[in-house]
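Each of the next two complexes has chain A plus one other chain: chain B in the first, chain C in the second.
Moving on to the complex of A and B:
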């Protein structure tokens, strides 16, 4: 079975492909996932109905989805902003943990009414995320050291620090578990009255609108866009690349910090050694899918929230192992990202005989000498 | 068409949304001839050749090669048919060596996995090596560079290319990179070589060498198509020339039968003023005073060694020099884009040495960079985005933090209108990289000039643009000077330096070695000084004289 695969860039992308691909890819990924579900004796149609229809039509499903979307929107922006200037913040997870640590500390040690305490926690968490990025950002702007590597390495440092803190200085007094004390009720995120969703979504929406306005209606946004499109031309126009890089990295990191405290104050209630939500990494595909704009980032985050919530629905209701849910989610994301590629390339395959001459007659295939 | 034509393109029509790029165009190329394809920017020359090279498919029309009809879907088919193309913007990977760039896209497995193994490795039994699966993997996933490398080196030596094939491409000059592109085509055994504006990036000396190579190739039966808009080139090397205008074929003529004026008329459709009279205007106070400038390049090598330079109001100072002698860095230093290691720069009497680029811009300095794609624009952004690159901080585009894209768009439309930039129907929709070279250059010049700078640093402002645009750009430069702007003009085109400048400086190895005026100086002398004056060897001197005088034969 010897065959050649040829990829040719599409010269013109037909407009229908743009509309068809997202739908077709989701359907295709679901089709592949059905095989797995059938192997587990689960009716795929029922599973998908539960995963998508029920999640999006029941009140509890919607509330879960929206609450889940909040941290995803925030980390999506944490990756999206640097991406706009052609930088990759791989380590949003680290900034998220830094935000969680400082936010939890404030919640445990400052007594203020809710209306003041929660903004203070978010502020502290944002600053913590930002500071966690400070060293990678300075290394990038001053010495051109690749931010992909540094931000990633800072994730591991943050994880170890969490692990140390919940067994040391921040451990629940008198407790044996590696976790902090529960944060007091005043520091927990309230619900939006009458809607049942956490106020986090309001914050996330406001922040998304701010980012949208900054990118599309301000001089700073213009500088970021130009730097991302051609940093050399930007420099020749007097745009300070350093300023732009510092801004996108630090602002992005602050968003990751917000996501950290949102998780603690909205979901977890305390900092645990096992606190390892992985949202920071999910932020990367979210930002890639939504790279055309802040609103698209929000849509992509909501889509991810749907498959996360829907996934845990079928996990609990149909007894599908959580590993399989992970596989389903990964396949859907993989298909979506791959679709982006096939939008731009057309593929042709040709079978070749496995005869003796087969492997060697590559000259005519390559049109060579 | 005659029967001896090697390639024949018949009634080619190609439309893009809203534009007819080629309208029923026919041309034929004979075996072993150099065929010029002449036309203004946007006349459809590149499109026609991209069809021949399989990058575009024609809407209608036929292509015959050596009598056989060709049906091409991709450049691979064209390469298979023996057609090679050297693009205007080289398709090379800077970090890879010359030989790796050349074998790129071809399979060059380790010698034991070749169809005819040229050596056997004693260490591994041949029974293992010849196993089909191992062969299949080996022929696909191994890279054996030894044999190709020596072949490529031999090829390079045969054509007198002075290139070491193991050098990484980023270390090569532009001219050498072009030779690598030609080698790449030759290595694939071409019968027809298409060159898209090959001299746009070359110095006159390098162009001369290119032409020698091309005539050598034709002696071996290779047919060559040169896309160009330089009349001198057409006259000096082509056998026949096909002229396109606004997508239509105007006709094919024997070069010997026509003169420059005829060609220009065919190309533009009217009589063209080929030389511009520059009038002296009285010089005002100095706008740029640079003294004792020292600067390094990216690798930390000193490239400016004590340059003193003054540009006055209403004066064009031309700096002539062979590429790589520091004029690029001098232009960047004067525009505030490159820091200097020593010396001082004052604009309008104010010392702003090593201040930010933005403060140079605020002091009234405009800059037209040498490479318009790399440094002059953000290609993937719209014309509107690119139009406000320098002025986006201006109050007219919104107060405070806000940037008003509506007024930016109307400003962009002003630029487009004022400088006659073509091919734009919506300034916020068309990307800068979709414009043809000449139109993009006009847009950049419009951006830099319409802000009424006190000092304009223009690096190779007419390189790679068509005759019509050159005429336009030169006139605008002179008009800008007459309005009192001091202009520092870097050019490798001696005609341009002599036609436009009020004073001519020559830069060589980072120093100003000669100063003259167009009236008093001679091109020969300037050409000599560009190459190091009296110290150069005789052969180089001879070439320089030819190069410096190239294209002036009829005056």
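Moving on to the complex of A and C:
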């Protein structure tokens, strides 16, 4: 071991680090990803040009991106809200599926005019997402059972319930495919007149503004932030940790439910066995990238929307397996976690002196070498 | 009927092997205080690297070895992030699964659907002659026998060796372990690498012995069942062994249940109530939720029943250990 590594926790995080982290993270991920592209003889510059420039400079690309950003914003909030209180909702995917199931059921079984039906579908989906979180939230607040494992287990249960329903009770009557009937036209999300994008983006924007106001300008938001910073101090100052935990988990889950019905009513048009968007997990890097605020969550979600849309572009045009999107997503999380470390610790390295070790033998980082 | 029982038992053995290998690795890692949600991804890396190596060289043993090494190396990412960089273990694990799933499908796309002559079944003389179950239990791939031998080995490692005691101590109380002279960082690295090697082996068993094909995402959630299994077993190897057989058996039963009609005769009392219930309970898709529901129940019941709200969970699980002691 050649280097002596000294780690000191930063007392104050310089503000520039907060801004540089997301950008540096994304650049590093793209760099590593280009090596992976090269391995399959794909020119990374060409691939990235198609992925980003083409997506952002064509009208269809922009419309796709905005529509794709809607569910991502919603699942981003589903992870962001709990994260504010230092909880991790890993199971947004499950709540999303619960929302999709109930929303689809309402669309298929309730006849109302669009103006009433769509709000009812979103309401139903939000409640379904919330209920899907109810047990993990109760176990967390009542018995202190870690929400990570429980929300995750509920994802797998939800996936299998979808698979069961579209082959059984919700299967299209007379159909052979594992899918529900198409939802009627009145239940599909209309476009914003003149813009070509789904009204989902308006809803997502309004919801983001609500979250922003709640977090920054209300008593509840203050309590969430304080609990997240130091739950013991929060309790001493009379804040009910349970109330905060219940709120962030359940409200977050409702957002994931919205994302589910948005996908059905805006994109898919029916519930399929293959409906497995994986967005729930994308919510994690979105919330981590945007952890500084609700508006940053929205930006991060739009960035991921570009990756999703651009990724399917390069799949069709260059024949790159679309899994490259998953890889890029994972790399972004990887570098975010690394960046988090350098944000919290200042690291100084010095050549190790010949006499063994410094004052303290910090094997911490050396172990990784 | 005896054919059915033999078939069911034989599939159970193969399915159990996957869960046993992956679960034991996860158990060792969690006993050292590191939750590894990357098992699913590591298994896929193992399955692909083993498959590609075996296809290229013709040696399934070499494939199995490469899968173990690849799993160990891949899990190093998790170790560096969680142990050296104090990253959130759950997020890092999810990342590892995304990365492993993505990379294996990306690089494996040209092998998709390819099959291989993998581990042949080896019959154990005399024992295989036992009626009905003999051919199911004693005519399996080498990897099955390995898994069933690894279980006692892990038990001995954890409870009867210094390394095992040190692993447990860093998962329970790293600060005290450190003052007792245990190198916390080294033990945790070791545990995470073992976990990766085991998951790699589980993946290779899947692609080289159980199914003998490669297809993207072929683990189909078994890595997640392995994670659930460790909680189901409340971090005890013996209970994990029993749980792996239970979940593996359930997995095998699902495959066979599709051909069955679970119902009582229409003349039986309450048939119109019982039959739909039976149909639901034995629906293969519904049955595949049972491992997760069982895990949730075990988790909840254990915590509620224990007066002090204590789970058998390693005390320092998911907590970062800071050598600087801030």
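We take it that the second predicted complex is superposed on the first by the 279 of 369 C-alpha atoms of A that agree within 3 Å, B and C clash if a C-alpha of one lies under 4 Å from a C-alpha of the other, contacts with A are read in each partner's own complex, and residues count from 1 in each chain.
The definition used in the following text is that a contact is a pair of C-beta atoms (placed from the backbone, for glycine too) under 8 Å apart; a residue touches a chain by one contact, two chains touch by 3 or more.
Because the structure is a prediction, the values reported are computed rather than measured.
When the shared chain is aligned, chain C comes close enough to touch A:341, but chain B does not. With both structures placed on the common chain, the touch criterion links A:24 to neither chain B nor chain C. In the superposition on chain A, contact of A:90 is made with chain C only, not with chain B. Using the contact criterion defined above for the overlaid structures, shared-chain residue A:327 touches chain C, although it does not reach chain B. Set side by side, chain B and chain C differ in how many residues of chain A they touch, and the one touching more is C.
In the superposed model, A:299 makes contact with neither chain B nor chain C. Within the superposed three-chain model, A:246 lies out of touch with both chain B and chain C [touch as defined at top]. In the overlay built on the shared chain, the residue A:164 is in contact with chain C alone; chain B does not reach it. The interface of chain A with chain B overlaps its interface with chain C at residues 8, 362-364, 367-368. By the touch criterion stated above, chain B contacts chain A in their complex at residues 55-56, 73-74, 76-77, 79-80, 105-107, 113-115, 132, 135-136, 138-140, 187-189, 335-337, 356-361, 367, 369, 374-381, 385, 388-390, 392-393, 398, 401-403, 405. Contacts from chain A toward chain C in the complex involve residues 7-9, 36, 39-40, 88, 90, 135, 139, 143-146, 148-150, 152-154, 156-157, 160-161, 163-164, 167-168, 281, 284, 288, 321, 323-327, 329-331, 333-334, 337-338, 340-341, 344, 362-365, 367-368. Only residues 2, 8, 11, 216-223, 225-226, 229-230, 232-240, 354, 356, 358-364, 366-369 of chain A touch chain B when the two sit together in their complex.
In the complex of the two chains, the chain C residues touching chain A come out as 35, 37, 77, 79-81, 83-88, 90-92, 94-96, 98-99, 101-103, 105-107, 109, 183, 185-186, 189, 216, 221, 224, 227-228, 231, 283, 285-286, 288-289, 292-293, 295-296, 299-300, 303-304, 309, 311, 318, 323-324, 326.
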